[in-house]
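Heads up, the thing below is written out as structure tokens.
Think of it as A, B, C and D in the order they're written, each chain with its own count starting at 1.
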Amino acid sequence: MQSDLRALARRIEPGMRIALPVDYAGVSMAMTGPMIRHGAGDLHLVCVPTGGLQVDQLVGAGLVKRVETSAVSLGEAGGAPCFNRAVGDGTIEVVDATCPAIHAGLMAAQKGIPFMPMRGLLETDLLAHRPDWRVGENPFAEGEDPIVLIPAIRPDIALFHAPTADRAGNVWIGRRRELAAMAYASTATIVTVERIVDDNLLGNEMSAAGTLPALYVDTVALAPRGAWPYGLWGEYATDIAELRRYAAAARTPQGFGDYMAGLLKEAA
Amino acid sequence: MTAAVHPREILIATIARLLDGTRHVAVGASSPIPAAGAMLRRALQEEAGGAPLRLSILGSVEHNFFTNGSAELFDCAGQGRIDAFFLGGGQIDGSGNINLVGAGDYPRSAPRWPGSFGSAYLYFVVPRVILFREEHTPRVFVPKVDFISAPGASSPHIHRPGGPAALLTGKALFSFDKTRRGFALESLHSGEDLAGIKAATGFSFAHGAAPPVTAAPAPATLALLRGRVLDELSETYPDFAAQLRRDLAALDEAPALAS
Amino acid sequence: MQSDLRALARRIEPGMRIALPVDYAGVSMAMTGPMIRHGAGDLHLVCVPTGGLQVDQLVGAGLVKRVETSAVSLGEAGGAPCFNRAVGDGTIEVVDATCPAIHAGLMAAQKGIPFMPMRGLLETDLLAHRPDWRVGENPFAEGEDPIVLIPAIRPDIALFHAPTADRAGNVWIGRRRELAAMAYASTATIVTVERIVDDNLLGNEMSAAGTLPALYVDTVALAPRGAWPYGLWGEYATDIAELRRYAAAARTPQGFGDYMAGLLKEAA
Amino acid sequence: MTAAVHPREILIATIARLLDGTRHVAVGASSPIPAAGAMLRRALQEEAGGAPLRLSILGSVEHNFFTNGSAELFDCAGQGRIDAFFLGGGQIDGSGNINLVGAGDYPRSAPRWPGSFGSAYLYFVVPRVILFREEHTPRVFVPKVDFISAPGASSPHIHRPGGPAALLTGKALFSFDKTRRGFALESLHSGEDLAGIKAATGFSFAHGAAPPVTAAPAPATLALLRGRVLDELSETYPDFAAQLRRDLAALDEAPALAS
């Protein structure tokens, strides 16, 4: 199993733009160790639409150049220690967004259009610091009606964890359709799953309704409890104690290093 | 004499009052007091035979009416199907601007807070945004935020159906005047005085000479809160509900707070 | 049951913009008779993205002023006789579109934005006859890059047929997500279903994945075999013989009238 | 002498050849010949151990790889994930323009055809669009279409990754020259001659002095078509497959068509 995950990690090349899901949608935590061992750096992470533990660990491991996100935190376990430290030190670039702007950028990529209009954002400092966003005019309005235009976000890779895949590579994502949105928008999609089943997920309308077709999925690997310490909807709950243990440890670079050494050793 | 009321019960009851007339309220993850306020409003409307209130709690499975991923909340708000939402802020200023990104010079903010989440959109499109922050200190309520995640008001030519309706803190309740772009003190919570509020608030605000005390919930409302609402709350926020239950038990043994 | 359908039909007011699904997605054919009896006319039909028998019958009954569509036909049973006659006579206005433009207009409404950009369409006669579409410039391109802007389509009512609803008004639409798109975009949504179940469709992740939440649904009524003569995916096949019978009958206004009289009598 | 080959087998084999190198082919509803061509291409690639070919047939449950409603085909094409698609037309002109709306003065077209479907988008974004129309008459192949549902080529400043690759009819195969904006005759089907093609075509086209005959499928290809492909086709297009089987049985009794 670990060799499968290492093979997946080798798909990641330095400088790639990687889309990662929000903590409750299905984070492939099982891939964090293999990614760190693999060592491809200068990554541009796109949080869909916010980040947490995985982002913090990849930043702490020095693999990240830029984080495009609407927020990064450990939720109930507090702020993201490595991320916050890197922001303070200026060692990573944060590209601050707002949740629907990330969704809009992915939707533009899904639709094959260069940009999506979006309400809000005007006269914010978010907009002021995003030279890649433009303000256009709504040509359908009677008078002046400025509207922000969000360019397409086209990640190289979407990476997430889901409950089930079938032998053909179809992945059951249930109602977490942002995972589909990530896959549509990305060049390649890498998925870890709790289990791989023999039945065709597209074979009946009930399971098909929550399935991301293999058409969008490049590689699937088995990783039971692969979201841990995050939970996976319908499967298991978040291990808050472990998140707190990490949050406490990662308060210092030394503590982070020790925590990760333990994690990488376990996964070896 | 009224029964002893916990300060958080005042907050919950006030939120329920601010939500009067809404049909769909969304609450962010880890927001037990706004969620409790919305649950109380729902219970009150149901008892009165009024229109049912729908409550969406982000990240909750129990209170998740969405099936189209995390974009659906924003779509739903954009369609005008969400009447009220709650926002906080590491800093909030007198113009209703909120900062969820960090203090000091951006981008190397110190401290850095998580980020703007959906505020830069929802503040514009949800008709009744309630700013809620329990900590009422000059550190939070600043003259001018260091970073505008979302502005309290917008230039007239900007499409903005939504915006702030009120600011509720651990000490007081303010309303927001869109034209003047500023807050007005509506009431002080029991035990607070105007001078104390002024000292704790880094921005100036409109106020009457003798602001009233924030109303305590009527006995029937309080009963609903301590019964059905606390039960419902336990399902989604077990720790918060258990703590409030312990506090209420302690209250019973202490002298009444409310006059 | 017929009284329920009549109650649903009363929600339709003259001049309303009604969104109807493509023939294989779940057409509420059961509502066609009640709509004709109710008689609200001057309707503006929006076909998502193409129309068939229901559109043809509503046009034949004289209730339609305008049809916005990418196509209207009876599929294997041939052209849509009443529609084609009305186009030739000039008694209805056809607003010709292309499938993704209809989807784009609904998506704009779903997102609460005034328009969506869309590739294609330039230098077509479709664009030439759509003064409500605009050509804008892509501000993210280096050079000239015109792109069509499709305004939001906001129907008053979305009307469709689905397999299952629960007591709370949640509707199972499976992978026919254009039905959800129609509902998101519309002010009100009216649904007929094969069956109403006691279980909460949002109560487990498997059925929730294919469910349109009650939040978007205004009224549900029972109508077993309510898509007939169209089929319903996963339930029953299209009755091609009946479609052919209709196509032959409706070749003349007299034949159409006789066919519909029979249908309305049955449903009375 | 080669075995007798049915004209539709020539069409199917030609389509399979035109699809060489594709990974995802989409076919509209009620298009059995393009579907059969794609199934044959898939079988050939599989036998050769090449990359698997994915075939999406609109409206089919069997060949439906989509789970996001009827918009997904267009999204998928916009993402560059569909390599080839088929379009027809009530009228097709020498510039590759297609008309699916109607003949005569728009909007009161007579006859009125169903409408443009997705052509005004897919013709622009799918790299290899194959125009397929069995009826080869001056009524279909006109000098200039009465309504442009989708143009054969676009002005240079227009974003257009896709467009026509070929035009296949019941009589001949043409390629499309994007720069010249016109068709070139590639081959005549068995039994046709250049003068007959010219008479049946309302527009002018480039051609050699002695155009070759459209190649008949190799015996192995023909065996695949008559075996596996016809079986697969029966699942989606039972009537069409049954008719072709009947025609083939009749062929066996008649003299060979191909030389």
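As a working rule, a contact is a pair of C-beta atoms (placed from the backbone, for glycine too) under 8 Å apart; a residue touches a chain by one contact, two chains touch by 3 or more.
Per UniProt, the chains are A, B, C, D = CoA synthetase.
In this text the structure is predicted, and so the values were computed from the model without any measurement.
S.K.: Work out the mean Cα position per chain and let me know which chain is farthest from chain A.
M.R.: Centroid comparison gives D as the farthest chain from chain A.
S.K.: Per the definition at the top, count C-beta pairs in contact and tell me whether C-D or A-D has more.
M.R.: Result: the pair with more contacts is C-D.
S.K.: Starting from the mean Cα coordinates of chain A and chain B, work out the distance between those two points in Å.
M.R.: Each chain reduced to its C-alpha mean, chain A and chain B end up 30 Å apart.
S.K.: Please tell me the distance, in whole Å, between the geometric centres of chain A and chain D computed from their C-alpha atoms.
M.R.: Chain A and chain D have C-alpha centres separated by 41 Å.
S.K.: How many angstrom lie between the CA centroids of chain A and chain C, rounded to a whole number?
M.R.: 36
S.K.: Which residue numbers or ranges of chain D touch two or more of the other chains?
M.R.: Chain D, residues with two or more chain partners: 66-68, 78, 125.
S.K.: Got the chain C residues that touch at least 2 other chains?
M.R.: Those would be 107, 111-113, 118-119, 145, 147, 175, 180, 208-211, 233.
S.K.: Sort out for me which residues of chain B touch chain A in the complex.
M.R.: For chain B paired with chain A, touching residues are 29-30, 59, 61, 66-71, 74, 78, 100-102, 106-125, 147-151, 154-155, 157-159.
S.K.: Give every residue of chain C touching chain A within the complex, in rising order.
M.R.: By the definition above, chain C touches chain A via 104, 107, 111-119, 134, 136, 138-141, 145, 147, 149, 151, 173-175, 204-211, 233-234.
S.K.: If you look only at chain C, which of its residues touch chain B in the complex?
M.R.: 109-113, 180, 184-185, 202, 208-216
S.K.: Would you mind writing out the residues of chain B in touch with chain C in their complex?
M.R.: Residues 24, 54, 64-68, 75-81, 125 of chain B touch chain C in their complex.
S.K.: For the complex, give me every residue of chain C touching chain D.
M.R.: Residue positions touching the partner: 22, 24-25, 48-50, 69-73, 75-76, 79-80, 83-84, 87-88, 90, 93-94, 96-101, 103, 107, 118-127, 129, 143-147, 175-181, 233.
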